[in-house]
Amino acid sequence: MKKLSKPAVNKVTTLKEAVNRFVHDGSYVSFGGIGDRTPTAAVHEVARQQKKGLRLASDTSVSYVHDSILIGLGLVESFEIAYNWGGIWGPDAVYRRALEKGIPKPIKLEEYSNFAMGMRLLAGSLGIPFMPVKSLLGSDIPVHNTRIKFMNDPYGGEPVALVPAANPEVAFIHVQRCDVMGNAHILGHLGNDDSLARAARNVVITTEEIVPTDEIRRNPNLTVIPYYCVDAVVKVPFASHGRGCPYYYSMDVPFGLQLAEQWGTEAGFNRWAEEWIFKVDDWDGYCRKIGWERLTRLAEVERRHQQYGEAR
Amino acid sequence: MSTIIYAQNYSLMELMAAAIAREFRDQETAFVGVGPPLIAAMVAKLTDAPNLTIAVEGGTIGSSPRRLLTCIADTTICERAYSCGTMWRNFGDQQRGFYDVGVIGGAQIDKYGNVNATALGDYNRPSVRVAGSGGANDIGSSVGRYSVMMRQEKRRFVERVDYLTVPGYLDGGDARIKAGLPGGGPHGVITTMGIFRFDEESGEMYLDKCHPGITPEKVKENVGWDLKMAPSIGTTEPPTQEQVEIMRVLDPYGLYLGSGREGMGDVEKGFDFYMEVLDKSYDAMTELFRQKGL
Amino acid sequence: MKKLSKPAVNKVTTLKEAVNRFVHDGSYVSFGGIGDRTPTAAVHEVARQQKKGLRLASDTSVSYVHDSILIGLGLVESFEIAYNWGGIWGPDAVYRRALEKGIPKPIKLEEYSNFAMGMRLLAGSLGIPFMPVKSLLGSDIPVHNTRIKFMNDPYGGEPVALVPAANPEVAFIHVQRCDVMGNAHILGHLGNDDSLARAARNVVITTEEIVPTDEIRRNPNLTVIPYYCVDAVVKVPFASHGRGCPYYYSMDVPFGLQLAEQWGTEAGFNRWAEEWIFKVDDWDGYCRKIGWERLTRLAEVERRHQQYGEAR
Amino acid sequence: MSTIIYAQNYSLMELMAAAIAREFRDQETAFVGVGPPLIAAMVAKLTDAPNLTIAVEGGTIGSSPRRLLTCIADTTICERAYSCGTMWRNFGDQQRGFYDVGVIGGAQIDKYGNVNATALGDYNRPSVRVAGSGGANDIGSSVGRYSVMMRQEKRRFVERVDYLTVPGYLDGGDARIKAGLPGGGPHGVITTMGIFRFDEESGEMYLDKCHPGITPEKVKENVGWDLKMAPSIGTTEPPTQEQVEIMRVLDPYGLYLGSGREGMGDVEKGFDFYMEVLDKSYDAMTELFRQKGL
C-alpha cells in the first residue's frame, strides 16, 4: 500500500514548480471551486507549460477561467463534466467549437449531473468504488455515458443509478487562507472541494494568504482540507481573477464580457491566449497586466459590502 | 387586503420573471439556478413569500444578498446566509426531499415536460451544443415540483427532445414513478408566450394562459405537437408595480432581464461603470431589505 | 410526496412538549452527539414519559448518559449500534445485564462498526437506500446482522459490503447555539450530527443558547443543521451534563464514576432512575439537584482553558 | 546523539504504553481510540515523533490538548486542533488510506491477529458482553498498519476468536487481500507479557519480545495455541525516563495508567479533587508543550 498521507512540513513552492512536478502529458486533472474560488492561476500555468492529452474532471466548469482554456488550446483528450458555461458572460464559444466542430480537436465527453459528479468525488474521497444516486434515472445521460450503471436497491427493490468514484491524479484548489503545511480554511460555500482534496492523489493548494498555524487552530471548524491531503502550497493572491473569492474580492464582470467577445472566433481565442498566457511569465505578470489598481478596487468593493464574521 | 396595482410598463422578461415569482409560495424551500430564476425567487421573497428560503448549488442556504447578483455561486450569495456548506450536501438535501420547488431553463422541451439542456441534433456532433445538465437533471429528478422557463419556438417545443437531460413525465402516465424518481415532476412551463401546466393523469402539457396580446393560436403555431388546451385559456397576470420595482432594484441595469451586459463590457468605461453599479446596488438593496424587514 | 422541509418559524418549546409530540411507543429514535454534546436531557425526558418498545439507532452510545438509560428501564425493543461503553467511567453494567441475562428484558441487537453507522446515516441524509463500504468485510459482524449485504463492485470487481440507509423517525441533537427557527451552529467535532439531522423525519434540537438569527448569519460556515430539518428548538443549558459540551463546559468525571457504581446492580440502577429521573420534574429539576454551583464550575473550568476563536 | 536514559521505576501499564508509543513514527498520521492508546500516541508526539498527527473518531484532526484527556471525544480533543469536522469524514479519510497507523484494544485475539471486541461465548447469550466494534473494525479494515493492546491470558489468546470483530489476517496467507480489505493488517500485539509480530507470508503471530522478567515459556503458557517464536526472542525496551515523566504529566493521577479513578469517584471530595486536577493538568501540560515547542 503506497502511503497517501502527506507529511506535516513546509510545502510552500511556486506554481511553476508545482505544475511541473505534478502534471504530466496525459494526467487526470481536476480544478476545484464553484463559480468562485476558481483556480484560474493554476489553469493558466498548466496551459503555459503546454501539458498535453489531459483528462479533465470537473463538476461545474466556468468558461473563460477554467477548463475551456485548456480545451481551446487543444491540450485536452477527455472531459468528465456536468456543466460548462459562462453564466452572465454568455455561452462558451470555445466549448461549442470543440463539440460542434472538433476545433481545435475533438474531445471525448463523459457527462453527469452536478449531484452525480459530487457523488463521484465523495465516493473517491471515501475510498469506495461507486455511489448510488436517484438522479440520472429515466434520462438520456446514461445512454451516452455507459459508466453510469443501474441496479435495484437490494433493500427496497427500487431502481438506483450507480456512478463510479472519481480519483483525479492531480487537483488544484484555491482557498482563502492556509498554513505552510496546507491546512486550509475555506470561507463561504465550499463546492465539492472537501471531497476533491481527499479524492485526488496529489493536491496543489493556491491561497490568497498564508497564515500561521495558530490562526488555523483558532477556528478548527473552518478547516475544510487537512494538511495530509496536500502536496504543495502556493501563495497566489487574486488567483481567481475574473471570478470572485468570497470576502476577498468580487467578480470582474466587465473583464469576462470582454473575454467572451474575444473568444468568439478561433483566431480571437488564440490571440487572447498568446497575449494573456504565453506572453506573461506567471500569474504575477498577469496581475500586472490587469493592473493592481483594478484588482485592489475589486478587493475593496468586496470588503466594503461583506466581511466574514459580520452580518450587516 | 391591499389593492393590487399592476405595472403599466414592463418588458416581456419582466412579465416572465413575475410569472416565475408566482410559482414560489411562502414558507417553501427553493432550489434555483443561475440568472432570471434567482431574480424571480428574490422577487417572490420580497413580496408574497418573505419566508421563502433560497438554496443554491454552490452550497449556500438562505442567503439574503444586498448586492447585485452576478452568478449563482458568486461571493454575493454567501452574504447573510443561514449556512454555507458543500455543494453535494445541498444536492443531497434535495434528493432527500427538503426542497419544495425549483426552476430550470432549457433549450428544448417536449410534451411530457422532458427538457433538453445538452445538445440539439446528434449528440455526438450537435448542431448546437449547450451547457449540459448542471443541476437541472437533479432538480428535475428530486425537487418537490419545478417550473421551466423557455423561449417559445417551434424548434424548441418538440414531440420528443433530441436529448433528455431532465426527466419530466418521461413517456407520460406513471412512467416517472416507475423509473424510481423521487421528485414530483414539472409543475409549469413559463415561456415568452404563455404558461403551461400538466395533466395530472397523463402528464401531458397543456396551454393554461397566454401572455397579454398573445392568442392560443399563436402559441399553437410555436409548438411542434398537437398541443392540448385548458378548458378556458386565461391571460397571464401582469407583473405588479411592486414586482417590477423590485426587479429594477435587483437588476438595475438589466444584466439578466435586459441588455445591460453590453455597456458593462466596454473596454474603456465598463469597469468604472461596474464598480459604480456594485456600490449603488448595495445601497438600493439594503434600503429594500430594510423596508421589507428582512 | 409528503413535504419534508420544516417552516421558517419560531419553534421554541419545552422538552416535555417535544417528546410528547414526536416520540410514541414503538418510535424509531436516535440520540446524537459523540462522546460530548450528548442529548442527555432528552434521554431523561423520554425515560420520564415512559415511551415503550423504542427502536434505537446510535453510532457510539455513551453509557450513563445515553441509550443505556432506556435499556435499563426496559423501554427498548431493538438497538442498532456500533459501540456502547462508558469510557473512563468503566463498563456498562446495564448493557451487560440486558445482553448477557435479558434483564430487565432482552433487546434485539443490530450491530455495525462506527464507519458503517456513519455511512448508514449519510445514506439516509442523501435519500439513497444504501451505501457501499470496505469495512465489515471478512468479519463476523455480517454473520449476525443479515441487513449487511455484499456485492462485487461493478466497476473494478472488488468485494464491497452494503449497509442500509438509516432514517430514524425522531432525532434529538444537542448543540451550542441555534436561532428560534433551528439554524444550528456546532463548535468542535461534529460526530454524525450533520447527517442525522437530515436523515431523521423529525428533529428536536436542544441548545445551550438561543441566539439571534444575525448571529447565525455572521458565521454561516459554522451552521451544521439548517432550520428546514428542525421541528422543535428547546433551550436546555447543561443538557449534556456528565459529558461535556465543547467551549461551554467540561465532563463531570466524578459524577460518572459514581453512576457506574450505582448502576452495578439492577436495584442500584432502579434507585438511581427513581431518584434522578422520576423524582425530578424536568432537566431544570435535575440541574438544581446536581447543584448550579457544580455546573458553573464545570463551565468555568472549560472556558478558562479553551474558548472558541482562540488558540493559546 | 543523546544517550537514552531509561526509567528506573515504572509500572507495567507504563511499560506497555511506552511500547505502544514506539509503534508510531514521526510524520505519520495516527487514528487512535480511547484510553491508553491516546496517551501512548501523545507520548510519541512529545518524544520521537513531534510531527505525528493524531486523528480521533469524533471528527478532530491534529489536536494538541493541554488538559487532562478524559475521552477520545471529549471537549479537550478540540483544543488547538487543525480541524474539527465530522466523524464519518475521519473514518472516510481512513478508508481512503490517509491514516498510516492505528491502535486498538480487544477482549480476545487469535493466531492470525483477528480480534474480538464484541462478545465472549455465544453471541446471542454471551458470557461476557463487551462494547462492540466501535471504530475497531474500521481501523482493522483500512488503516495502513495497526497494533493491538491486550491482556495476556490464555482465554484471551485463542486459536480462533469467538466473534471476529476486527479482521487481522483472517485465515492467514492472502485471505485478507482476497476479502477486499484495503488496510495493511496488524503489525504488532503489545500485551502484559511481551510483544508479538506477524509472519509476512503466513500472517501468523509469533512472539518477538518478552517484557523484563518474563520468559518465553511463561508467555507460551498464556497462549491458547502452539505459539511460534522469533529466531531470537529479545527483551522489551523499558520506558525512558522522559516517556514516564510525560505519561505522568498527561495522566497525573493514573486515570488510565493507574488506579486514579477511585479517588475521583468519591462523593464528598471527588469533585473538588477533579477540578483541581483539571487546572493543574493545564499548567503542567502547557509547560510541557512549551518545552517541546509544540
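Labels for the chains are A, B, C and D, by order of writing; each one numbers its residues from 1.
In this text, a contact is a pair of C-beta atoms (placed from the backbone, for glycine too) under 8 Å apart; a residue touches a chain by one contact, two chains touch by 3 or more.
Since we're looking at a predicted model, the values are computed, not measured.
A.B. asks: Quickly list, by label, the chains bordering both chain B and chain C.
C.D. replies: Touching chain B as well as chain C, we find A.
A.B. asks: Just how far, in Å, is the C-alpha centre of chain B from the one of chain A?
C.D. replies: 27
A.B. asks: State, to the nearest whole Å, the distance from the C-alpha centre of chain A to the C-alpha centre of chain C.
C.D. replies: 37
A.B. asks: Centre to centre, by mean C-alpha position, how many angstrom separate chain B and chain D?
C.D. replies: So the centre of chain B lies 57 Å away from the centre of chain D.
A.B. asks: Using the touch rule from the top of the page, what residues of chain D touch 2 or more other chains?
C.D. replies: Chain D, residues with two or more chain partners: 60, 78, 80, 84-85, 92, 95, 142, 182.
A.B. asks: In chain C, which residues are in touch with two or more of the other chains?
C.D. replies: Residues 127-128, 133-134, 158, 160, 187-188, 194, 217, 220-221, 311 of chain C each touch two or more of the other chains.
A.B. asks: On the basis of the stated criterion, which chains touch which? Give every pair.
C.D. replies: Touching chain pairs, listed by label, come out as A-B, A-C, A-D, B-C, C-D.
A.B. asks: Which stretch or stretches of chain B touch chain A in the complex?
C.D. replies: Per the touch definition, chain B meets chain A at residues 34-35, 56-60, 66-67, 70-80, 84-88, 91-92, 94-95, 118-119, 123-138, 141-142, 163-167, 170, 175-176, 179-182, 255-256, 261, 264-267, 270-271, 273-275, 278-279, 282, 286.
A.B. asks: What part of chain A is in contact with chain B in the complex they form?
C.D. replies: Spelled out, the residues of chain A in touch with chain B are 34-36, 59-60, 81-85, 87-88, 90-92, 95-96, 99-100, 111-116, 118-119, 121-122, 133-141, 144, 158-160, 187-192, 194-195, 243-247, 249-255, 257-258, 260-261, 294, 297, 301-302, 304-306, 311-312.
A.B. asks: For chain A, which residues are in contact with chain D within the complex?
C.D. replies: Residues of chain A touching chain D: 1, 3-5, 7-9, 125-128, 183, 194, 198-199, 213, 216-217, 220-221, 223, 226-229.
A.B. asks: Would you tell me which residues of chain C are touching chain A in their complex?
C.D. replies: So the residues of chain C in touch with chain A come to 127-134, 147, 149, 151, 153-156, 158, 160, 162, 164-165, 186-188, 214-215, 217-222, 308-311.
A.B. asks: Which of the residues in chain D end up touching chain A in this complex?
C.D. replies: Result: residues 27-29, 51, 53, 60-62, 64, 78, 80-85, 89, 92-93, 95-100, 142, 144, 182-184 of chain D touch chain A.
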